[in-house]
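Some structures to go through are shown next.
Two complexes, one shared chain (chain A), two partners (chain B, chain C).
And then the complex of A and B:
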């Protein structure tokens, strides 16, 4: 579903990603793990069409991406890290969810918005609330609902729970897990939180300074059997707390 | 049935209820600010005065009796009479129409122009930004009254040209503010999200960027009203705005200047009107700024 070959990204003189390659199968949930600055979010941004200067090859659902072009909105959508910054402060939940439908001229907006509120577990009475009248978890549900409005097969998740309280994190993770089964979605998740990976993902890649150190199935992570030294180090740090 | 609880409901059932609820919260916050209310009263009084000028003014604003010239304020002539025997109160009342027209026309021309230039420059950045802001800076670097003077001199004196001249000098400020504000959320995630959904640049600016710059522009325009009135009065005073016999306040002061020592009321009364109206707009603008500040909007 997602194919990345030899992706190199430069921000001015600094090279952030050095020839990264990996593939994500249809319906798979793949995690990019690493510390801040490892380039994991940059991969997501490149796939989302928000990075100008990249080389290599990126394919989404069989179609290669062109430089400077945003991917098609119906192929891939993104859930951002900060639910406080990713919702327009003056637009109600209804406006936010109906906007992608309006852009693409899709009919039956009311019914679709209500169905999506149900799907992400938001009460229908929240429909005309503004973001400041919602909690962080509720906002993230709105952001997930927005990403799903166009029914894209691929969802990019940029640390979707790191800005939330622990109890709310679990709710959002459960929601993401349920939605993936229900709608047969492909996830590309960026996180530094290994327990999130083992809960939500099938495979993971560990990034360090713009290079992939290791790719492993999630079972290896659960058993602590990561092969690279850096992977072991991350695992140890995460288990020690 | 519209009740207070219905308006303040946290769970509005329709879009209309949500909008009305927001408007009600705003109005209530504004009503708690006494100074803003004073400003509002002044503005409403100006509106009423302009709308009902022929019925409020006891005499004609244009015709007077020369035998009655330069009378001090009395029960017959509340603000006295001018050098042609015209009732100053009637002229001030009719002058409110001219003032209001200038203010509204300038706001309608300058605010949208500045808003569009500023948001487009801020959103696209790069050479678009450089070009648009270059033009803005050229206008901004010239003193307002001087530039307006130059335009009026080129176009000829008259109220319409005064309006155009003031509008041309007023928009760069709004463009600068709108650009600065656009830059603060230009790279924010909610803009990235709507772009990922396939929205065109025009749609992002029109539906997502401009609404966020709107409140600061409204506040700024309201605060600028005082300056606009003063500039219009200044042009009138210099004989480049409204032409006689139109009862424009600035032009009236200019005429009264000749008698300021012996017949103080001729220049003072229209001056007083300018001060009161300018102050009203200033106070109301201040109140609006407090209310439209997004951080305050959750209260209520």
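And then the complex of A and C:
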């Protein structure tokens, strides 16, 4: 579903990604793991068409992306880290969810908004509330609902639970796992939290300073059998704190 | 004698439906130790820290049967007397260095500000103290860092600068409110190490406020678990597995593990928790 080949990204004089390659199969959940500055979020940005200066090859569902080209909103959507920053403060849940429908001229607005509220586990009475009337977990549900309104096959998830309380994190992780099974979605997840990867993903790539150190199936992570020295170091830090 | 003694602390905010209590009768003692306060957003843990620092202003109301710090009754202090205490005898480290450092003042000058306010040291003496404080938080080239502006340093470095600012006066009590939540896992360990070292070497009392149960369990001597403004459980270090309260147990169960094989994570049953309060 997602193919990245030899992707190099520069911001001015600095190269932040050095020839990164990986593939994500249809329906797979793939994690990009690394510290701040490792380039993991930059890969998501590049896929979302928000990076100007890139070279290499990126394909989405078999179609190659051109430079300066954003993927179609119906193909890829993104969920961000902070649900306090990613929702318009003066727009109700209904406005937020209906906007993509209006832009793309999709009919049946009422039914679709209600169906999506049900799908992400938000009570229907929340439909006309504003973001400040919602808790962090409820806001993240709205952000996920918005991303799914156009029924894209691919979701890019940038630390979707790291701003949430642990008990709320569990709710959102369960939701993401359930939605993926139901709607047969492909996930590309960025996180620094290895246990989250273990719960939600099939495979992972470990990034360091713009390079992939290793790719591994999640079983290797669970057993602590990452092969690279850096992977082992991350594992140790995660288990020891 | 304990460093800090709190009895029946209450914090209430007025609302249309009468006062709403966010801290409901908290009692604890803190010696020269590391005390962890854990809870979710809205559990009142940050309000507890702020109440001790005297940082809760109107319209909120703070009451307590006893609120003593180094034998001094904090309830009787005027704002002016409190200012003498804050930054000198007790200080606070906040979550995000990006928002708690002044962006237009050089790091060295920000650290020196407390010295200027609380002591009669000369500029030269202050400068020596500042460099010592930066060294104490393991910044290798303090001279260079002192000249930088906050945006020129990384998050981990920024947080160390914050801690340097807090320890430059060698306070007896440090309240750290989510000091590592904005940091990378790799830097987190370093920052905790530094605080740990300060507690041990300078005999400081540390109140570590966090939502991260496992992190607090590893770093503190004692843990108070807060839920809806009350302490629901007190645990010794390493006794996390022995937690009894359904809230603590629920929180622990909802954290994914690195060898996760559960298909779904258990979620707190808040209705049932409300009933057992």
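To be clear about the criterion, the second predicted complex is superposed on the first by the 241 of 241 C-alpha atoms of A that agree within 3 Å, B and C clash if a C-alpha of one lies under 4 Å from a C-alpha of the other, contacts with A are read in each partner's own complex, and residues count from 1 in each chain.
Going forward, a contact is a pair of C-beta atoms (placed from the backbone, for glycine too) under 8 Å apart; a residue touches a chain by one contact, two chains touch by 3 or more.
What you are looking at is a predicted structure, and each value in this text was computed from that prediction instead of being measured.
Taken together in the superposed arrangement on chain A, chain B and chain C fit without clashing.
Once the two complexes are overlaid on the shared chain, A:57 sits clear of chain B and of chain C alike.
In the superposition on chain A, contact of A:126 is made with chain B only, not with chain C. Touch criterion not met for A:66: it reaches neither chain B nor chain C. Of the two partner chains placed by superposition, A:184 touches none, neither chain B nor chain C. Using the contact criterion defined above for the overlaid structures, shared-chain residue A:237 touches chain C, although it does not reach chain B.
Touch criterion met: A:88 reaches chain B, while chain C stays clear of it. Closest CA pair between chain B and chain C after superposition: 8 Å apart. Across the two superposed structures, the residue set of chain A contacted by chain B and also by chain C is empty. For chain B in complex with chain A, the residues that touch the partner chain are 10-15, 17-18, 22, 188-190, 192-199, 203, 207-208, 211-212, 294, 297-298.
Taken together, the chain A residues at the contact with chain C in this complex read 35-36, 136, 165-171, 173-174, 177, 192-196, 198-199, 221-224, 234-235, 237-239, 241. Within the complex formed with chain B, the residues of chain A that make contact are 48-50, 70, 72-73, 76-78, 80-82, 85-92, 94, 99-100, 103-104, 125-126, 128-130, 132-133, 143, 146-147, 149-150. Per the touch definition, chain C reaches chain A in the complex via residues 40-41, 155, 184-186, 188-189, 211-215, 218-219, 250-251, 254-268.
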